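Read from first to last, the chains carry the letters A, B, C, D, E and F; within each, the first residue is number 1.
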């Protein structure tokens, strides 16, 4: 039987700046331009969590969307919503919070909590025009 | 030559309730919560049909979008639009109309009518925040 | 000083049928077509609540959006979300649940609970293509 | 002759925190909750500028959208995009950057630069679910 | 009793160029830039028709949306969809097809066909970022 | 290490007609209907460019989105924006500008300019309801 993918969209609002602490301020300014602004800027991050598996014949669900939504809230939104990613989280103390790095961090947070027989993929919108997906 | 995928978006409005008739009312209430409401609730279902193949050199089309749209209307929209999925269709007489089960039913309805040299995938939005895809 | 309008978007999913109980079944069928389907159909209703007033100099708020959102949840969403408007509510026992009538009912529910020095207007999307606003 | 309204949508990404410097930290925390986070959070602000007037018979334009877009870039986006509203701007040194206050500031910045025979109104989206308009 | 506004969204795809035939080619090029391209360019025009009135107590409708949609199809879409506005229509033989002029033409086409006790307003999206409304 | 996909959305407005110059006018009219209109029609084309690879540990980027955006502007938007695809481009002098053929042309234009260790896929929206993707 073929698998079905289910998707749940959530969002959080956060501040960040792009900055690699192992590089000089000048190098950071060249590499990241206005995204390196020392006082931060921010985004409405839109998150789509894709979970793939065989629907349970009893429920007709791949995963209960209420449970998935609560899990995302607990593991991701409580951690990042209305936070400064660089200052308020341990995840980005030294890791540069590019969309690519954020989506990998979110994947790892959720992968640990979702049954391994289910596949997981995360899409993260930084803006309507810039977004990322992991694993690709 | 690589294949091109073409997508057509359509929509229908339907009532449903989540209910597994082989379980007790109590079990259904626990499993499906407010989605089990005995008098039904409803959705604006948004449907994206993806057809993949090699464009015909004469037309430049993988499939004529007018023909695809008419096919979706005839096979899916006439069947489900402005209907109660549990009461007005044979498809969900005993099958629980979760998004997962609806998307599989729609896939099977269309798969029978589309040339086998073309691949088919269906995405179904139950809401902006909850959607499914089959096959994954 | 000019007023500022603030808007809060919420949504609910409900079943309904268009039916005027003072008319015959035949007249209802002619007037409302497939929207009169006896077993109901449904929608994802999107609701935009507009509140207009002078921002409080202390908070910079016309109204606290958290309080407004909680009020809409309590007065509107708990009443209509995952319900059958015709069967599960007193509001539409005899009133035909057209978008026009629903938006007036929602306005009246909220008008009673919002300070009279604030203006109120409701927009209700039945689908992406059909929506209403009250008062106009 | 009736007037025509023209609308131009732009956006900027910024960090902010809600904070009234004339109040204690405790009062700020109570009033603004997680929006008061001392390390800031952020948003993708979407801006719709509405200009109303009689189309010029020579061009058929109320205002040249290229000129309007350049004006918004110069007066608003260069000032706020990829900035911390509290720290990097003079506008919100002491003014609490609620959506209500931001939209009034933007209105005043643009009002000075647009011909007085044209009416002006600004809509500002802080998120998809929270937005404001001025004058109302 | 207050009035209710109802809105119907439709769309059409058309080619056009901005060109004032009473001006020289050089003046047109300066005024309209790339929009003056002699071989035309095009848009997906999105149209929102707003009709305002008192709901009929029998139907609960301000206007039957099916009738409104059919009227828009007949008067506007058949006239402009998949057409070159400058070459294929009499409306823009000499009138420059700016968004401002198109929205006035559409208003006049529909105003003649809609009961005078109902108010009418048209919004026309040329792109997601540029749109117009008439009367304002 | 798994790859990350990054996406950049851009858009352009163009006129076109569907027409295969090796067929008779009658055959073209039958195959393409109103899309064959001899005076052209047009679209707001929305383009999503997906680039997949391993993020650079120094920047945290798969590819700098500013560089990607500039590349799309130079190779695609300058070529097609505010143009007549049939008359103003060499790409569609003899090739029928269906969405399928346009997306392949865009892929080839960008594939030549993007590092071969990065995967590339293009999605092109002709309308909200019709879109294509290559390679599939």
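Here, a residue touches a chain if its C-beta (ideal position, glycine included) is under 8 Å from a C-beta of that chain, and two chains touch if they have at least 3 such contacts.
Here the structure is a predicted model, which means the values were calculated and not measured.
Asks: For subunit A and subunit F, which third chains touch each of them?
Replies: Chains that touch both subunit A and subunit F, as defined above, are B.
Asks: If you apply the touch rule, which chains end up adjacent to both subunit A and subunit B?
Replies: Output, common partners of subunit A and subunit B: F.
Asks: Which one, D-E, A-D or B-C, has the same contacts as A-F for more than half of its contact pairs?
Replies: D-E
Asks: Contact counts by the stated rule: is the higher one at B-F or B-C?
Replies: Higher contact count goes to B-C.
Asks: Taking each chain's centre as its mean C-alpha position, how far apart are subunit A and subunit E in Å?
Replies: About 41 Å, centre to centre.
Asks: As a quick test, compute the distance in whole Å between the mean CA positions of subunit E and subunit F.
Replies: Centre-to-centre distance between subunit E and subunit F: 28 Å.
Asks: Give the residues of subunit B that touch two or more other chains, as numbers and ranges in rising order.
Replies: 128, in rising order.
Asks: Please give all chain pairs that are in touch with each other.
Replies: Here the touching chain pairs work out to A-B, A-D, A-F, B-C, B-F, C-D, C-E, D-E, E-F.
Asks: For a test of understanding, state which residues of subunit A touch subunit B in their complex under the given definition.
Replies: Within the complex, subunit A contacts subunit B at residues 2-10, 52, 55, 58-62, 65-66, 119.
Asks: Flag every residue of subunit B that touches subunit C in the complex, lowest number first.
Replies: Touching subunit C from subunit B are residues 11, 13-16, 34-35, 37, 39-44, 81-84, 87-88, 127-128.
Asks: Could you pull out which subunit B residues touch subunit A in their complex?
Replies: Within the complex, subunit B touches subunit A at residues 18, 20, 23, 31-33, 95-101, 103-104, 128-136.
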